[in-house]
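Chain naming follows the written order as A, B and C, and within any one chain the residues start at number 1.
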Amino acid sequence: MAVERVAERAPARPPVWNDPRFRAIFFQALVLALVIGVGAYLVNNTLTNMEKRGIASGFGFLGTTAGFSISTTLVPYTEESTYGRAFLVGLANTLLVSVIGVFFATILGFIVGIARLSRNWLVAKLAAVYIETLRNIPLLLQIFFWYFAVLRNLPSPRQSFILFDIFYLNIRGLNTPAPVFEEGFGWVLLSAVVAVAAAVSIVRWARRRREETGRPFHTVYTSLAILFGLPTLATLLAGSPLHWEYAVLEGFNFQGGMVMSPELVALVFSLSTYTASFIGEIVRAGIMAVNRGQTEAAYAVGLSPGLTLRLVVIPQALRVIIPPLTSQYLNLTKNSSLASAIAYPDLVLVFAGTVLNQTGQAVEIIAITMAVYLTISLLISMFMNWYNRKMALVER
Amino acid sequence: MNDRAQTYLPGTHPDLPPPPSMVGVYGWLRANLFSSPVNVILTLLAAYIIYLAFPPLIQWVFINADWQGDTREACRREGACWVFVKVWLRQFMYGRYPSTEIWRINTAYAILALGMIPMFIPRVRGKAWIAAFLLFGYPVVAYYLFYGSAFGQVVVETPLWGGLFLTLVIASVGIVGSLPIGIVLALGRRSRLPIIQSVSIAFIEIWRGVPLITVLFMASVMFPLFMPEGLTIDRLARALVGVMLFSAAYMAEVVRGGLQAIPKGQYEAAQALGLNYGKMMALIILPQALKLVIPGIVNTFIGLFKDTTLVLIIGLMDFLGTIQSAGTNPQWLGFAIEGYVFSALVFWVFCFGMSRYSQHLERKLRTTH
Amino acid sequence: MIRTIFYALTAAATAGLVASAASAGTLDDVKKKGFIQCGVSEGLPGFSAPDTAGNWTGLDVDFCKALAAAVLGDASKVKYSPLSAKVRFTALQSGEIDLLSRNTTWTLVRDTSLGLNFAGVMFYDGQGFMVPKKLGVKSAKELKGASVCVQIGTTTELNMADFFRANKLDYKPVVFEKADETLAAYDTGRCDAFTTDASGLAAYRIKLKDPQGHLILPELISKEPLGPVVRHGDDQWLDVNRWLIYALLEAEELGVDSKNVDEQKKSANPNTKRLLGVEGDMGKNLGLDNDWAVRPIKQVGNYAEIFDRNVGPKTTLGLERGTNALWNKGGLMYSMPIR
C-alpha cells in the first residue's frame, strides 16, 4: 500500500539543505570562510601585537650588516656581510651536509640491504642487528652520542691521530690537505668537461649501434681511458697547476689545509648511518619484490648472473626502491636541521638562530626558513612524480 | 650376498637419510656460512667485526662497570659508571616534578597499565568501552593527576614536568590529538569538492615539507605573537599544539592509505542503502579503513616518539634533555656516554617493542582479509 | 595598507573575538593575579640559579623579589620562568612573563626594534675571555687562530666579532644553543677560549672541572650594562621598575639597610624621609603605597646587600664593586633624586 502511494507521487524536490549541489557549495564556503577567518585573525593579532610593542617588521633586515662570524662558510662571508648573505651561508651549509649525507647513506644503505638478503647467516644477522638497532633509537640521541660522547674524547691538536702524515684527527676536527689551484687549472677543468662529453657520446653511439646492428662495443675501457687520460694529459701540458696545501700545527691550532669540523663529521656520520638503516630495508623490500620467476627466466634465455642482475633485477627493483628512497633523502635533508643542536652552522642555527636573536624578527625568519625547506621538499617530490611517470611509461 | 643384490619393486625403496654433510650442525654451517669461497671470506669478516665490537662492549657494560656508591668518586672509570644513572634516575624519569607528588604520575601509569592489559587478552569483552575510556576519559583523569588543581591537590606547573614522563606525555598527546585531525584531513583530501580538497592538500603538504624543529621554533617564538593581547599559552601547551599539527599531517597520509584500500563496492553499497556521507563514513568506511591502518598508526607513533626528543632544543626537559643536562653538570662531566647508552636502551625497548607489535598486528589483520 | 585589507577580512568572522582581549597595564595585572612572573636565566651562579631544593637565588632574582615586595608586599610572591637566550625576548613580548631580569645587555637595537624597554642598570659588566692556563696566553690579543666557544644570540657573539676584526685576528666561533653546553664544550677542549660577560666568566669558572686551571684574561672588550627589561608601551610598569632600582641605590647611599630600616624612618634626613614614605607621596605617584621602598629594603636589602650576598668578595664569585660602586665612591651607580 505504502509502495503504491510512493510510486504514484511525483518525486518531490528535496529541501534545499538536502540538495547535493547546494551542500557542496555551502560546505566549501564554510571551510573557506573558516580558513580565511582563522588566518586573518592570527595575522591581525600578530600585526596588532607587533605594532603595539614596536617590534620591527618587514624584510629590510636582510640588507643590514650581520656583524657576527660563522665558522664554516662555503659562500664568501665576513663580519661585514649582510644578514641575507648569512642566510645563503646557512643554506649552503645545509645543502652541503645533505649532499654528503645522501651520498654515504645510499652506499651504506645498499650494502646493508643486500647484506640482509645474503645467504650467509652471520652476515644477514649482522645487517639485521644494525638495522633494528639504529632505526629504533632517536636520531638526535645518535647525533649527541657521536658528537658529545665520541668526538669529544678525541685528543687535543698537539696529540692528533695522524694518518698517512697528511690527515690529522683531533678534537677540533679532521685536517686534510687543501687543493691550491694555480693559473692554467682552467684547462684541466675544460679537458675534464670534454672528456665527460666524449664518454657520454661514445656510450650513446655504442648503444645505438648495438640496437641497430647487434654488434656490441666495449664502452667501459674506452670511457675510462678518456675520462682519466685527457685530464692527466692536460695537467701535464699545463705544467701541474694543482698543488696541495698541507695543514701545519701553528700556535694552538692547525693552520692551512682544509678542516672538517667535528660538528660536520658527527652530523654526517649519524645522518648517514641512521638513514642507511631505513634505506637498507627499502632495498631489501625492493629486491624481494622482483618475482623470482624473472631471474629464472633470465637464466633460461642465457643471461649471465651479472647481466641478469644488471638488466633484469635492478631495473625492476629500482622502480619499487626509488620513490621511498627519495622520501628518505627528503627526510635526511629535513633531519639535517638537527645540526643546530650541536653547533654546526646550518640554516637553522645561523638563520633561525643567530640572525633571529640579533634582529628579533621571529615571524619573517621562521617563515623564510620553513619556506626554504618546503621548496626543497616540493622540488624533490616533483622529481619523484616525474620519475614515477617515466617508469610507468616504461612498463607498458 | 651383498647389499647391492637387494632389489626393490618400483616405489618401495625406503627413503635414505640425507648425506651427513647436509644435516645437523655441520650441514647448517656448511649451507649458511661456508657454501662458497666468497661466503667463507664474508663469514670470517663478519666474525672479525663481531670480535672487535662485542667483547669490549660487554667488558665495558658489565664486567668493568661500577654499580655501587652514589658519588663520582665511586667510579674507577675502567668501565661504565652506572652510578651516574643511579644518582640521576629520578630526574631522568620525572624531571623536577616534586618528589612528594610523584605518586600521582605513578598512579596514572598504573591506571593506564590496568586499562591496557585487557586490550591484549583476546577473550575479554567490552573492549570498546575500555578503549573509549582510554581515549576520552583517561586524558581528563591524567590531566588532573599531573597538573592538579582539583580535589585540593597541589598544582604542579608544567616547567617542573620532565624526564621520560614528559616524553610520554608529548608523544601520547601528539598521537591522540592528531588522530581526529588526521582523519578529517584525509577525508578532505579524498573529497570531490575542490576547495576542501585543496585546503587539505595544502595543509598536509606544508607540514610534511618542513622539519619538526622549525615547527617547534614556530611554536615557541611565533605562536605567542598570534595570540590576542593578554592571552598567553603555556610553553608546553604550545609545543604540544605544534607536535599535534605536525603529526596530524603524517596521520592524514596514513589514514588516506587505508581509505584507498577500501574497495569501491563498499562505498557504492553504503550509498545504495541510502546512507548519507556522514553515516557512510562513520559506519562503513572508517571502521574498516582505520582497522587496516592500525599498524601504520603504530609506526607513526614510533616516529613521533623518537621525534619528541627535539623538544629539548626549545628548552623543554624531556628524557634526553634531562640526560643532556646531567651530562653537562660540572660534577658529572665526562659521563655522557653512560647517559646516552641508558637512554638509547630505553628508547630502543619502547620502539622495538612497538614495531614488533605493529608487525604482529599486520600479520593478524592480513589473515582476516 | 595590508592592515586595512586584513581588518576588512576579519570584520565578519572574528569581530567578537578580537574585541574581548584588551588588557590593563602590567601593574594592575600583577596586583590582580597576586604574583610576579619573572623571566630569569637557566642557571648562572650569582645572577639567577636554582639551588638543589629548586629555590632561585642571585642578583637578578633578588630584583624580582624586591619588585614583589614593593608591589605585592611579599618578596616570596614571584614565579620564575627559566629562559634561554633565544626565547627570552619573545617570552616578554608575548606577555608570558611580567619582566625579564636575566643579565640582559641594554643596546639601542634591542630597546628600539624588539618592543622592549630597559628599566635601568643593575650591573655594569664587560665582556672578557677565559682560557686554560696551560695554553700560556696572557692577553686576548694573543688569541690568533683560536676557536672560541660562545652562546648563541647574545651581544657577546657580536662584540667578539668586532674585537677580532679590529685587531685583525682570525678565529673560529663555535656557537651553542645552551649555556651549559657551551661551557661543557670549552671544558672538554673543543675550544681554546670561552667568552661571555666578565661576571659570567667568574660564575662559570666555578662550574668547571678544575677552576684553578683557567685564567680570565685582563681585557674587557665591550660595555655590558645589564638590567631588568619590561614591555614597550607600559610606562607605569616601566616607572615602577626604574624607580625601584633607584630606591635600592638611594637606600645604600643614605645608609638604610634591611636591619636599620625601621629606625631610619625616624631619621631627620629629608631624603631618607622621602624614600621611606614618611614625607611626600612618592609611592602613590608610582601607583603603589608609600611604604613601597620600605618593604623591599627590609625583605631583600639595599643594593650593597644584594651585591655582597650574591656576587661580592665573600661569595664564590668574589667580584669587587669596581664600576658598580656608588657614584661617590668611584663607581657608576647613581640614583636619580627621589623627590
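Observations
Operating definition for what follows: a contact is a pair of C-beta atoms (placed from the backbone, for glycine too) under 8 Å apart; a residue touches a chain by one contact, two chains touch by 3 or more.
From a predicted model like this one, the values you see are computed outputs, not experimental measurements.
Most remote from chain B, judged by the distance between CA-atom centroids, is C. Should one ask which of B-C and A-B has more C-beta pairs in contact, the pair is A-B. Centroids of chain B and chain C (each the mean of its C-alpha atoms) stand 42 Å apart. Rounded to whole angstrom units, the spacing between the C-alpha centres of chain A and chain B is 25.
With touch defined as above, residues shared between interfaces to two or more other chains in chain B number as follows: 221, 225, 227-229, 313, 324, 327.
For chain A, residues that reach two or more other chains under the stated contact definition are 45, 49-50, 52, 148, 152, 340-341, 356, 362. Annotation for chain C: residues 17-18, 86, 90, 93-94, 177, 181, 184, 188 touch two or more other chains. By the touch criterion given at the top, residues 96, 157, 159, 220-221, 224-225, 227-232, 235, 313-315, 324-325, 327-330, 333-334 of chain B touch chain C in their complex.
Those residues of chain A lying in contact with chain B across their complex are 24, 27-28, 31-32, 35, 42, 45-46, 48-50, 52, 118-123, 126, 132-133, 135-142, 144-145, 148-149, 152, 334-335, 337-338, 340-341, 348, 352, 356, 362-363, 366, 369-370, 373-374, 376-378.
The touching residues of chain A, counted against chain C in their complex, run 33-34, 36-37, 40-41, 43-45, 47, 49-50, 52-56, 67-71, 79, 148, 152-153, 156, 171-172, 250-253, 255, 262-263, 340-341, 343, 345, 349, 353-354, 356-360, 362. Chain B makes touch with chain A in their complex at residues 32-33, 35, 39, 42-43, 46-47, 49-50, 193-196, 199, 205-206, 208-214, 217-218, 221-222, 225-229, 302, 306-307, 309-310, 312-313, 320, 324, 327, 336-337, 340, 343-344, 347-348, 351-352, 355.
Residues 2-3, 6-7, 9-10, 12-14, 17-18, 85-86, 89-90, 93-94, 109-110, 112-116, 135, 144-147, 152-154, 157-158, 160-162, 164-165, 171-177, 181, 184-185, 188-190, 192, 231-233 of chain C touch chain A in their complex.
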